[in-house]
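In what follows, chain A forms one complex with chain B and a second complex with chain C.
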Partner chain A sequence: MPFPASGGGAYMRFTPKIIRFQRHGCTNRPFFHIVVMEKRFEQHSQVIEQLGTYDHLTNQHNERLVALNFERIRYWLGRGALTSDPVAELLGKALEMLLFGALSVISKQDKF
Partner chain B sequence: MLCRSCNVLFRVQCTSKLNIMRSTAKQSATEERDPAPIFFNSNVQQLLKKLTRVDLNKVFRTKNYGVPLRAPEYKFLTTEELDEAMKNAEKKAERKLQMPPVVKVRTEEPEVLSYDCELQDHSETKFVFTDISFGFSDRERMIVVRDVNGTLRKATPDERHRMNETYFPRSGRKLRMPHMFEKEYLKRLLDQGNYEFVLDRACLQFEPDDPTYQDVTATTYEAVERAQHYNSLRSTRHFGPFAFHLAWNKSIDSLLLDLIETDRLDEAVSLIQLYHIVNPEAKSVSSHFEPGLEHSFIQAYVESDSKKRSVLELALQANVELHKQRAEVEAGVRRAHGHT
Partner chain C sequence: MNTLGCSLKYSGLHALNELRIKPVCVQSVRWKRKPRWLPVAKSKQFRVPERPKFDEGETLELRRLYDRYRTHLRAVRKYLKQEFIDLSASSSAALEGTQNEAEEHQLCLKENEEWNKQVALLREQRLLQEQEARRESILAKLVAAEERQKERMEKAEEMVREEKERAKFYITADNIDKAIEDALASPVDHNYAIDLEGHIYRGHKTKPSDVPPDELEKIQVQG
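Let's turn to the complex of A and B:
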């Protein structure tokens, strides 16, 4: 039974986790999911959770699109998940957003 | 020597003052009034709702927007149940008739979050980051852009629209602006009288502070005004903003004429009251409405502020005569029945 791309993999308690890219798309058209998974598993094994997407190819407006679920990324970083170098680079480019995002989450909790 | 130094001093002072005056003049010219606080005022909302003239048959009619039709359901109801059902329908109609907001056109530049000169030329392309965390609306969602020169800024409204539509598509909203909002196609649609369709779709496609939205709606309102097809917008959610647009641009005369000719004096009074709230500098603001004296209230507006004075006066005169005749007939009927 195949698992959905968005996650569902088994979670083991004391093993290292990593936030990394998982290549999707097809030949000559890469598209990456940003996922959290067991560090020792190979790339296309089942993931614990999908945290975002990254479109490596530029669009017509000269942009590369990154979608990140900062709420969950903060959760997994807090649980001690590692990050692969390319993901760390991306997160670093949006560092202020990570911080500002934390503020917006606080305001959201106030709201509810 | 003294005279020359005085002269220089005078010139310096004068230029600085002149510059200040010029800048203030420029500010007042560029600073437009913000319609939002007036539009959201509860009095104004009530007046607009009154002008909308809710007709449940029209509110719940089927629109041919590509949604498959459902077969009607027939039920036997007692009188109480029927009243209950009617009340529910009225509530639902109120929700359906919620007016799209009228706000100022947006102008602000995107806020810069940080300048990171270390990241200059980090890549040949921009990076757009979208926070897809659960529970944020399209307006609240955090979307930022890392530019090629290393600055991190919030996304422009255009970028925001594209990202929201990419990651959170809404049925009916398109990534690119539909061709029907371009000038030539829009004109054709308006000539055919598809006002409501245009406005509905503009509501779905654009944010209310989008300059394109305001252009499209203003063009549509002007087309309705020119063709005097007021009934095509009545009982829809767009009549309120339409009436507000007319009052804002001081061109309520045609609508007022239509209301007087169809003998809707209460609505005519509401329209003039709306005009007074929106334009507090109008000459007839001082006149107050008292129930029963509709004609004199309208007359005060017609005399001091209207641009089509002669036509309006004629219509008003005819309406006064009509009311007089009606009163006479009523008195005659009462007399015939023996009530003196």
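Let's turn to the complex of A and C:
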């Protein structure tokens, strides 16, 4: 990779930014970085910032691991960054975490 | 073969299809579509494609859901945008923060001044002490230098006195003749010879037989 994965790309004013997946890993083993970058740029160009990771394949406990930097995601959404559809789906699943910093779903599950 | 047949058919050469030839030069085509420049197939010429039918209730429901989704998304975006504006540098919270910082800075300055005063007092005392110590050391050095000078003067005076005493025996223009006469009258021969046993024979032209054996000096050998 010619660029550091964690970001460092130039920030241009007045151009649309987007939060989206960037495919890393290798053949038959996808691994995604969740990054914010220029919308018009090609997938593997330099990103502005990395906001998390997403492991698409399940691990030995049948889990898919996601890491999200909620603080920075809030910041970038507040600055008007768009989201790609898969990332929007993922963020929708973590919406409560994103907005309120805690999951109330767990306490709801306790009642059932 | 099938491909070839198709292409022949599209070219309107049905007769050739009967020959069942296998030309080597024919390339296989992956997507069997008619070329764009050929007209609509005769079988499809008057076909009217059926309009897709959507269930009206389902459409309405989907539209409702999508509207709701967009409203919610807009709300979340607005919320985050407002949060960003609130947290940015020109917001009231940030301004308040800067004001607090300024007050804190003033407090710090006051405290710093107090500390400076305390330190100034200490420094004055220390400087006085240092001054006193320096003055004393300089005085001590001056006294020592004076003593040294006095000693040197005494030594010089002693030398002068000795020289004056010695001056009585100086050979001057007045008594040079007498001194010459005295020197000529008492010649001194500093030559001497030593034999193997260490006897000294004084004089330049002395033979060993000239000196009586009782008067022979023997050289003092150390160690």
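As a convention for this text, the second predicted complex is superposed on the first by the 99 of 112 C-alpha atoms of A that agree within 3 Å, B and C clash if a C-alpha of one lies under 4 Å from a C-alpha of the other, contacts with A are read in each partner's own complex, and residues count from 1 in each chain.
We take it that a contact is a pair of C-beta atoms (placed from the backbone, for glycine too) under 8 Å apart; a residue touches a chain by one contact, two chains touch by 3 or more.
These numbers were taken from a predicted model, which means no experiment stands behind them.
What does the overlay on chain A give for chain B and chain C, a clash or a fit?
fit
Look at A:29 in the shared chain and tell me whether it touches chain B only, chain C only, both, or neither; answer first, second, both or neither.
Neither chain B nor chain C is touched by A:29.
Thinking of the overlay built on chain A, is A:96 touched by chain B (first), by chain C (second), by both, or by neither?
A:96 sits against chain B, while chain C stays out of touch.
Is A:80 contacted by the first partner chain B, the second partner chain C, both or neither?
Touch status of A:80: second partner only.
Would you check which partner chain A:69 touches, where first means chain B only, second means chain C only, and both and neither mean what they say?
first
So, does A:58 touch the first partner chain B, the second partner chain C, both, or neither?
first
Which chain, chain B or chain C, ends up touching more residues of chain A in the combined arrangement?
The partner with more contacted residues on chain A is B.
With both complexes placed on chain A, how many Å separate the closest C-alpha atoms of chain B and chain C?
12
List the residues of chain A that touch chain B in one complex and chain C in the other.
In chain A, no position sits in both the chain B and chain C interfaces.
Can you check the complex and tell me which residues of chain A touch chain C?
For this pair, the touching residues of chain A are 74-75, 77-80, 88, 95, 99.
Which part of chain A faces chain B closely enough to touch in the complex?
Touching chain B from chain A are residues 52, 58, 61-72, 90, 93-94, 96-97, 100-101, 104-105, 108.
Under the touch definition given earlier, write down the residues of chain C that touch chain A in their complex.
Checking each residue of chain C against chain A gives 73, 76-77, 79-85.
Using the touch definition from the top, list the residues of chain B that touch chain A in their complex.
Spelled out, the residues of chain B in touch with chain A are 113-114, 119, 122-123, 125-136, 140, 142, 144-146, 152, 159, 162-163, 166-167.
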